[in-house]
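What follows is a set of structures to go through.
Shared chain: subunit A. Partners: subunit B in the first complex, subunit C in the second.
Showing the complex of A and B:
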């Protein structure tokens, strides 16, 4: 895989701009904290890129601003930005996000994962694939693919706390 | 019967096995006669000549069975005879494995001579076709050869025997991992002991043909040989001699370029190890290819562990290049070799915000940190390019990337600072500029990281530069961003060690200026806690402590004396900070202690006394403050010399017992002295004043045993103390007096004192606890009892354990049960103020368990108390003790987790978290109930319980084996879906992590 990288030299962005302030209310049992976009972002920000030892946040693939959560109708919309428009890893990245959320969110939510408009050549195809339940399930039956996804998700629990150790 | 006849009969018979009776007879014969075995050999020779193949098999079988038990009785002539005998009979491949067994027995004897060994090896090399033998025989041959080398390496080398050639034949095409481990070991011994110059290529080929090892260890391998064992062993062989360099280097590089994954990693790690062994001359011709391959790995690999290995290899190769080359032209070869490496890095650095620039920085750091010439070369090539690119008007992403690269170079220069000094001004300017001219936190963080490195580098910053850096760091201490404050503080912590005086001059005035004092009565800023935190970190260095203690005491005086009542938290915080810095500084340095004795403690005492006796306008005091001050008194007393302790104890007794104020420098009006509020035995004082008896406790409790208590009779004093304690209406007074009693029992216990304790307990304490109607009196008496028990248990006194039994029984009492359970915290927890010695808790685990079990059935409502006591006990004893008892503890733990008492559950969860995950194998039969108890708790009311239960659940798969846990997996994952939708965010976070682990 290392011989032909799709994007060999991506830009690295500054991270850690969004850190939730810890307050007393966090521990107060009477206050209900609803799931918000910060929480969703925390879940996916530290997923590793399949090509580089960097997180999706560092590559600006996932951004806090591009997540919408509606607790009333239990809907979540996540848009991600591939580093280059012809990135063939886009589906894989989307799949990683999908799996992470499948494992981490209560099943009342309907999660829509999309490529940010105008950032990828075959936007429609990728979106269709990522939001088709059966196709996702079929993809996850492929053991090799599942292994790659799990590898990318290994760093997800860092939640931006520290960057993927690359040195 | 005659031995000849016996053997003849056996050989003629159809039996193929050696009868036990025959074996016994032959063994007896051979031990009876000196030449016994040789005689038997003679018989065997004749049977061999006459007999058919079956007969020959019998010959060897009999010999093998006879030799093994007689190993210790063999003499050298017999050994020689056997070797001769076997040596001539190795032509039949069927018999060879048994012959090898005999050889191994002979080799294991202590008296085998060098000639015999050489003969034996010769026989193996010339007559045995090793490849065709089964695995265990090949293993034995390799073992025989190892033993031979172990015993007679020099003799073998001097002989005409071609050992290396023979060995190479034996090892050829060996595939068994167990055999290979022995063979690799042998290769290393041969290289170490022999002159291998004529066999280099052969030896190399026989070893390198295994590279890279692709071996998947079987999960049920009884020998437990792992892939890494084999890889390591092979790698050590390759790195064993520089002779291999010529052959190995090109091949290793080829493997590096053509393989992927673990084979590539193996190649890099091998190069890493071999480079220093092969030396610069061997590496230099291939440096270009080597660096190309390694650098490509760093730029393109997605696996960070591979990148790390590649960087480490670059580091080792560059380090090798820097050694072993004549001093006159030391720079040339290294510079030349890393030149192309540098050129590529430099071109990547031109776009610092891209990923490759970061990789390039890592490569430069790996190379530069390897040797002096490399460091110089890298620094001069890369630094100017980097700092010329820096513009404070650039986007922050670019600025940060540049700062990160600079920091990497600073890191590389830690050990070699000369080249960087040339660029010091520019670097410092960039970091300071980026710290000041931006509001971007990320950029400031990067900048502080670099400054930290500069401060750490020895002799890098000098004079005015240090002042500038300290000033800027101090400014960051006031930042609103927690992370920035933390970083600045960490760096200033380093500064505090290196330049305490400058820190005292520049940083502390700024910090202290934020806090109000009499000269500057400002409003208390919101950020005061950060200021105190900073003081708490920086002033722990003794030199700094001595500088700041006076101004800080002024602040405390103002806080307690003027604004205390309105700002209680602030007063507590400043006192705690003072205690913290005093505690740390006095532990490091005697000078801080002197300050404590002469300044700190006297001034605090002088202010506490008027407050305690009710003088108006004195300090604001409360129990929390008294605890802090008592701790200061305790530390001071503990560290003082016995004679100083004697003086202070005398003064204290005068003041607190005799109501004698003559040693107190200030004078008070007579009415306050007559009030006698300090007298520890006076119970009718006014409630308005604060009780400072704890200060007296601190002084008495921290004296050494040699110090004398100047009272008329210690037992009488003790009895009075205990009596007063039980009668005291004030909780703090009671506790302080109980602690004094405990200290006295613990330090000065003799028969009189123990008798006194026994009398008081039996006549007063225990009857009060059992019979008195008023629950408050019973409760307060119980507190005193607990402290007495604690002091006795710590001493390991028998009577203490007798009293402990009564406390355990009290756990079953309906009204005092809870107190009794909680008292285990007091009993076992190490108190900071007094009695700080580990207690002996092992004995009581069993007793408590027994009691707990017996009560379980009788009164389930009281079970909670026992379980609570058990959980406190388990929290305060060494984890190993608890782990040993784990199988008996599981049931109470599960019962406790299934209760509804929040405190009990929390306490037991802490216990379970500490011991269960590590002992899953031993408690496998309880694991199911344990997991389900935890899952139930994920729906408990309190968020804390839910979080801890999830934490505990999470640590099971982290430390346990998948096969043990797999039956529970589906239900755990299903049950966790509720926790994923928890109403609290922090609980959801734990649930996600927990589910991920399962």
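Showing the complex of A and C:
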């Protein structure tokens, strides 16, 4: 593998620990299932890391505990944890999460994406950029960047069901 | 209680709408969008303002989102700022009433966020993610000369706005500040830096006199700044013989997400703001509660929640003349343009 990786030897986490809890209500077609943090986690857990053939869940970048959903006020807060504090991929990872949710969720949700406090040296700058919709809109008009995002999202639909083969 | 009444909804844009600009004298609204077009809208008749039509679609000149649009003071030209790093100048040919892009201004390194004509139409200002503000001189035959490239902001510049009477420019930035730019013998310089917002300043607008500015920020507040000239009666310190701008009022606790746009009516003095919280708010100076003009009180006289449904509202602008002084336009992520009327009852 290339020597230029930002984090050449990331820790890989066991992903079997999180299994979606299915409730009686979810099997009842007459009951509307609200979007909860399990659903959000399923949407983003299998996004591929930009530099490793691993998912964000396998790298512990996304964690179920760090997702808050408030259906009453249509707000979602996602905090993610870069593998290393100087990770230059942090904004790209955040952008992938944002695009995944833009494409999957109903329009009513306002989504805030942040680096988990204390896990990145440019926390403020990364957070500001990820939540500036004008920056996001411009980034998505950049075909090269969009291609990279789409590659990371190619595995997102696995929803944790099956892992990307690691080598 | 005063309230906002929907006059009309203008449908046609194929993507989010970023900004709207009213024609200086006629009832025509220009809007720009992520669909790379500018649309011109007018009411179908002079006595029915509920029905509007898109009379023109300006397209083909920009390869990416058109972020900003502004009528020249004569109303004969339009300027467009695009994420494709160019500024377009559009002119109406009266012979066939057709709009044509007659000039493309190049120079910015990346996305242009805002474009504005000076009050006389002699100058044009643009600003970009490349952190710079450019001042252009309008010459004859659609020629534009860059007079100055101002590079003192440390981050993206989100918006530029001209003083309503003088050649003074204000710029709002992702670096959380506002800068005031002036000219001295062909040299443009930063006359003041307004610090106080704690996040990106998205928008600003002067009052009618041009001695106050209202600014809107991602910090969810609006600030009203007042200009104090050297040797002012209030004893506010100034430096280098330049006027200094000071916050005289902060409006917080009204919007609970980023405030994307603010407009200060030059006709009736109302301030309108719109936000990612989906609401429009109207503020008026509380003349009874204001005992000191250096510490004015503003009150929120009307609010429209979910004015574009569940969508962010990106732009707001008051109708510029007495004719429909109670009108304002809003544009949103839903791709819609809405015309509202403030009803004082």
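Here is the rule we use: the second predicted complex is superposed on the first by the 157 of 167 C-alpha atoms of A that agree within 3 Å, B and C clash if a C-alpha of one lies under 4 Å from a C-alpha of the other, contacts with A are read in each partner's own complex, and residues count from 1 in each chain.
The definition used in the following text is that a residue touches a chain if its C-beta (ideal position, glycine included) is under 8 Å from a C-beta of that chain, and two chains touch if they have at least 3 such contacts.
Not measured: the values here are computed from a predicted model.
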Superposed partners subunit B and subunit C on subunit A - clash or fit: fit
Subunit B versus subunit C as contact partner of A:108, first or second or both or neither: both
Touching partner for A:72 - first (subunit B), second (subunit C), both, neither: neither
Which superposed partner A:143 touches (first subunit B, second subunit C, both, neither): neither
Touching partner for A:51 - first (subunit B), second (subunit C), both, neither: first
A:128 touches, of subunit B and subunit C: first, second, both or neither? second
Partner chain(s) touched by A:33 [first = subunit B, second = subunit C, both, neither]: first
In the superposition, subunit B vs subunit C on subunit A residues touched: B
Shortest CA-CA distance in Å separating subunit B from subunit C in the superposed model: 10
Residues on subunit A lying within both footprints (that of subunit B and that of subunit C): 107-108
Touching residues (chain side subunit A, partner subunit B) in the complex: 1-3, 5, 8-17, 26-27, 29, 32-33, 35, 39, 42-43, 48-54, 103-108, 153, 156-157, 159, 164-167
Touching residues on subunit A, where the partner in the complex is subunit C: 74, 107-108, 110, 128, 131-135, 137-138, 141
Residue numbers on subunit B that touch subunit A, as the complex places them: 260, 296-297, 299-304, 307-308, 311, 348, 351, 353-356, 358, 362, 365, 396-397, 400-401, 440-443, 941-944, 977, 980-981, 983-986, 988-989, 992-993, 995-996
In the complex, subunit C residues that touch subunit A: 16, 34, 64-65, 67, 83, 110-111, 113, 129, 156, 158, 174, 199-200, 218, 257, 276, 310-312, 333
